[in-house]
Amino acid sequence: MGVFAQTLAVFRKDVLLEWRGRSRVSAVVFFSTMTLLLFSFAVGPGREVLSRHAAGYLWLALLLSSVLSLGESFRVETEDEALEGMRLLPVDPRALFFGKASSNFLLLLGLALLLVPGCLVLYSAEIRGSAGLLVASLALGTGGLAAPGTLYAAMTARARGRDVLLPLLLFPLVVPVLLASVKATSLAMTGDPMNQGPSWLGVLVCFDVVYWSLPAILFGRVIED
Amino acid sequence: MSTSPPAVAASALGRAYRDRWALADVYIELAPGRSLLLAGPNGAGKTTLLRLLATAIRPTTGTLSIHGLDARKDPVEARRRLALLSHRGHLYSELSALQNLSTAAAISGREGDLLGLLDRVGLHARAHDAVRTLSAGMRKRLAFARLLLQEPDVVLLDEPYGQLDPAGFGLVDRLIGELQDEGRTLVLSTHLVERGAGILQSGMVLVDGRVTWVGPASGTPAAMAEIA
Amino acid sequence: MDREHWLGIAGLLLLIGGSVFGLLIAPPEKYMGDVGRILYIHVPTAWNALLIATAAFVIAIGSLVKRSPKWDAALHGTLATTALLTVMLLIQGAIWAKPTWGVYWDWDPRLTTSAIMGVSFAGLLALRASLDDPERRATWTAVGTIIAYVDVPIVYMSIKWWRTLHQNFSTPETVNEMMVIPLRINAFAMLFIGIWLSVRMARLSLAERGAAVPTAPASADPLIAGRA
């Protein structure tokens, strides 16, 4: 039973759990949409300002929502000690990590794609640059959130004050993701005359490689009792 | 004389928490196919011992091997040979009974007739219902099915009769008998000491984390009576 | 007296010496004038914050491998000292920035990276405070430290990139020999003080964890279960 096959099995389980718990998922969608609205109220209705910073608001809304969805993804695991049940099977812990992180990634990417039309409408933004750059920045950015977020969600699920700890630990860590994603998304929206987009995607790739591999190695130790 | 390594070999096994030893100085030597009854008052350390044997927690002292595999160095391989029925459910309450089984099957690489397995524990009718909707007794049956799925050489049962009705008791007795007939090694902890003494071979009494008596299972009720 | 106090005293004396040198004897900096003198404490603080953070990283790996309370205490000590040095760093940096750039903060890559590193490490201290189980606390602090440390160069790189799209930041130019001397003295001063702080914090951490429960002596004639 290779790691890949086990990862697939874990992934299927997590997607199934998300589907079964889709009322919670839709709550996160509503939350992120609400956040987009709140930004426009806080900043004021000036169309110029809003459309220029649309990418920033998008990613802030995503970041805040990710804390909710990541935390939730481990609540189901600790409820009945289901994660321990998984762990005691002859399974490579990296499969447990990759499976869970992949399903979290998929959820966040879906959320991001849902928020784009919201942004375009609310902030009068457009996609003047390349759509490919937009999708790539959303995918690499949410990937950079999902992986370390999964590791930290596993940790904080058992700690007191976990709702505060997860963002406290995760946010400083993903500053590079926020910077690079906002930049790349913004270039996709406002246009990229000097073709800087690829270098920002490069930062994201670098981050994603490190933060998908390092937590995978450490995950086994984190879920031990 | 058996030449294969013991199914369960524990030496000076102990587990300490911050301010106390939950378990200390435990020695076990179980040949394959034999069975052991764990008895003792509440808080004696029976669950801790079973969790140590299942590699769910790490020992503070001592060594443990499962069929010759060092549990500390090679936990994944050891887990291939054992399974634990815990009083923690280890189930996903949002998924159905069948989905819980199929997940465990896919991850551990076991094929099998899952519906037939559910039938064996009497859950066939509720296979597609979310675990959330099942009673405590049904969840116990499902946990049993999950254990049987893994075809473990070493079977660890923590209060298997808990939450079950008389029909459930009969089911557990039957399953234990079948597991023994299949030559699997059993370690079982229960408050129903007389019941356990009737169907298992060896016995052990734990008090405050320490072994106070070992002997044949039939002698366990008397040993327990002396403590009270 | 504990050995580390000698280091602390040495560090303090060196700090006094280096600061006197830097404040009174060394010439004023070419572009910044006397304001530049804060660099004699700022730069050594920066070097040592990074140095002790690196020590924390190495100790974190050691703590995961060794699983020992002493390594965890050392990790706690170095984490706390790094966080403290980083806070000092940020305050010094702001004090330097106001007369130089006119503002307390200008998204200088080094300053911003330090701020993020400070928040990360402080967050790890908060994580520690919220966990009761010492083993889990040790493991998770170590994992968090490794991840936070690996993040530092990535953060620096991304902020530098981010900044180059806007304006250039000014860096102090150090050349004059008379300036190098107080820098070196204070660098060692801060190192000694940093080590002193780390060791004190580690001792405190170890004492707070409590004495390990003494191991029960292994019995000469243990009861071995499973044989009967």
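Each chain gets a letter, A, B and C, in the order it is written, and its residues are counted from 1.
Following the convention adopted for this analysis, contacts are C-beta pairs under 8 Å (C-beta built on N, C-alpha and C of every residue); 3 or more make two chains touch, one makes a residue touch a chain.
None of the values given here were measured: they were computed from a predicted structure.
J.: Based on CA centres, what chain would you say lies at the far end from chain C?
T.: B
J.: Central chain, going by Cα centroids?
T.: Here the chain at the core of the arrangement is A.
J.: Between chain B and chain C, what distance separates the C-alpha centroids? Give it in angstrom.
T.: Distance between chain centres, rounded to whole Å: 48 Å.
J.: When the C-alpha atoms of chain A and chain C are each averaged to a single point, how far apart are the two points in Å?
T.: Their C-alpha centroids are separated by 30 Å.
J.: Could you tell me the distance, in whole angstrom, between the mean C-alpha positions of chain A and chain B?
T.: Whole-Å distance between the two chain centres: 39.
J.: Can you list the chain A residues in contact with two or more other chains?
T.: 224-225
J.: Quick one: in the complex, what on chain C touches chain A?
T.: 64, 116-117, 119-120, 123-124, 126-127, 130-132, 136, 139-140, 143-144, 146-148, 150-151, 154-155, 157-159, 161-162, 165
J.: Would you tell me which residues of chain A are touching chain B in their complex?
T.: 1, 5-6, 8-10, 12-13, 16-17, 20-21, 76, 79-82, 84-92, 95, 224-225
J.: Over in the complex, which chain A residues touch chain C? Could you list them?
T.: The contact residues of chain A facing chain C are 148, 151-152, 155-156, 158-162, 165, 168-169, 171-173, 175-176, 179-180, 183, 196, 199-200, 203, 206-207, 210-211, 214-215, 218, 221-222, 224-225.
J.: Which chain B residues qualify as touching chain C in the complex?
T.: Of all residues in chain B, those touching chain C are 6, 8, 12, 14, 16, 18-21, 24-31, 34, 36, 61, 201-204, 211-216.
J.: Across the complex, what residues on chain C touch chain B?
T.: 133-134, 210, 212-213, 215-216, 218-219, 222-228
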